[in-house]
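Across the two complexes that follow, chain A remains constant while its partner is chain B and subsequently chain C.
The block that comes next holds the complex of A and B.
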């Protein structure tokens, strides 16, 4: 095999440590998504602590929507709309980053997100 | 009027190494990848060997020529792919420059390969995040890409060291 100098070993060890730290910070459900913002008709804004278990009752444009908050997650469980896309979309997650009931004018997203573009294509 | 270029011996050596690197770069581009951005980066072996044999300047030439000519052959010149290749290559040259500055610590080709692979991924990740996909969820892919960088860095380091050993008597 090849001869490793002590610097090589340090580099290898450091890179493995950096990897472990990165996996820990990105893949464990950390504090980064602790809060969600909820808008009603783009006017009223609520900040929701996702680690506080509760059922939210929100007055929307059409009527009352209920949202469940549990274990750092949030979802619609009741809404006056007819299609119930909001309920069917399930828990708010990182990939889409938004759940909404458009007929009732309610949308929820992670609040630490800056309002930027999702992706730019050329 | 005729333009006369008088390539030195070193120019020819760099050109030969760059040609090898370009060949590997182009061959690699047709390999299927399970994840966007995941690439073995075998062309870097040539950069490493250029660095070991002829120094930083030669390595930088080989690296930049590889990205430039490689992209012209594949057809990605000035596209996002090209920007990413270039940023990775420049980052690894910066790393090489640092290695030459640190004289007290002895880092072999193996360690340099790992550092360069990681520099590649970090630079490309920053460029992607700033210019192409400014989405927070993107950071979830970084550990996976970096794992691949460490693994392929180790592999490339071993290959480069072995090849360099075989080349040594000729130097």
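The block that comes next holds the complex of A and C.
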């Protein structure tokens, strides 16, 4: 049986807490995929916080596209292109990596450097 | 005694918390060209050098975008305007190289990769920037072109000239030019000593080197699900190209029409959902992904063998996965148990 004094217990508890904190700050990737970069005609225009719910209205090369931001995701909901392929692509998520309306020159992808994959093949 | 051991253990854990080697940032930039988003990721170079090579690549891809699209007023448009004359005319070395290599690959694929059916692709409207919206083209028009049987072997090149013996031949290099362009871009990067790069042209990519001590890690998108079907780590210098029915398609009166046309029927190939090819050469991987998609689950093995492609994953129209043994060894499936999979030796 270990006989621990109060001081031992305090030191032990602090050690465990420090270890946990060190582990988190050393190894964790922090807030992955919180931000997305939005480009218009190859130019980075906005860094978007995906946890701030909003509707973005973006002037593209053909007209206005609208994008919905909610719960860490973003998607096209309106675009002037005829195919609406951008809208049908659905939400940008961690594995899709990129959504775009090519006719309107708008594309969005994650900004973080801790992606699960360096690139997505599709 | 026991308390000392406990503190010794905690001290050991603290040592294990030594900060890992800091990773250098990956330079990432992109361009909207060749009908897609081209992403360049460079590791281990200065920001200044990365910016310089990116701008050089931007110029190159802009040139290729204009030169090789049948819609733009570039070299390919000129070639297509002159081919029906069926008389020799001059071409640039880049176009000649593309025609000759594409012809060779077309023969290997038994004509399933056939860039000579530009007229049919044009009828469907898949080569334009916007997707088509109306009914499929008139069957009679498609039939008429198919009867003329346009093939790459109808073209004969001599140094810096070409002649067509078939008035139906019109070139559309959509299933090849992207890979060819990626190869050219990679040649340039290697020549200036940039050896850790991914060039990702709209989801089809070639990667060389690594990200420091880690290999480049690529996710292959599930053709029907939301996420990734499998991951793969790049070894040295490899290209991964996928042809899928979900990339360019449109719906008309409840029917879906995608852009991968079977040159034997003039209609979208309908037995396959996607084909992924791994090969060091991006142009060959690009063309092979299209040819094997059209070959379908019945014939892809024969065509792959003829094209010397041994890393393939094909998903048929009901979701059954066919994968070569070599490809299977390389892939880390996300949820293997859920897949109906056949490994082919």
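Going forward, the second predicted complex is superposed on the first by the 81 of 122 C-alpha atoms of A that agree within 3 Å, B and C clash if a C-alpha of one lies under 4 Å from a C-alpha of the other, contacts with A are read in each partner's own complex, and residues count from 1 in each chain.
One rule holds in what follows: a contact is a pair of C-beta atoms (placed from the backbone, for glycine too) under 8 Å apart; a residue touches a chain by one contact, two chains touch by 3 or more.
A quick note: this is a predicted structure, and the numbers were derived from the prediction, not measured.
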{"item": "Touching partner for A:13 - first (chain B), second (chain C), both, neither", "value": "neither"}
{"item": "Touched partner set for A:77, first chain B, second chain C, both or neither", "value": "neither"}
{"item": "First (chain B), second (chain C), both or neither touched by A:39", "value": "second"}
{"item": "Touched partner set for A:107, first chain B, second chain C, both or neither", "value": "second"}
{"item": "First, second, both or neither for A:64, with chain B first and chain C second", "value": "neither"}
{"item": "First (chain B), second (chain C), both or neither touched by A:4", "value": "both"}
{"item": "Chain B or chain C, by number of chain A residues touched", "value": "C"}
{"item": "Which of chain B and chain C A:55 touches, first, second, both or neither", "value": "neither"}
{"item": "Overlapping contact positions on chain A, where the chain C interface meets the chain B interface", "value": "2, 4, 8, 12, 15-16, 18-19, 22-23, 26-27, 94-95, 97, 113, 116-122"}
{"item": "Chain A to chain B touching residues, read off their complex", "value": "1-5, 7-8, 11-12, 15-16, 18-19, 22-23, 26-27, 32, 94-95, 97, 112-113, 116-122"}
{"item": "Residues on chain A engaged by chain C in the complex (per definition of touch)", "value": "2, 4, 8, 12, 15-16, 18-19, 22-23, 26-27, 39, 41-42, 81-83, 85, 90, 93-98, 100, 102-103, 105, 107, 109, 113, 116-122"}
{"item": "Sites on chain C touched by chain A in the complex", "value": "2-3, 6-7, 10, 13-14, 17, 19-20, 23, 25-26, 30-32, 35-37, 39, 41, 129-131, 133, 198, 200, 203-205, 207, 211, 216-221, 226-228, 231, 240-242, 244, 246-248, 250, 276"}
{"item": "Complex contacts: residues of chain B adjacent to chain A", "value": "79-80, 105-108, 110-111, 114-115, 118, 131-137, 139-140, 142-143, 146-147, 150, 153-154, 157-158, 161-162"}
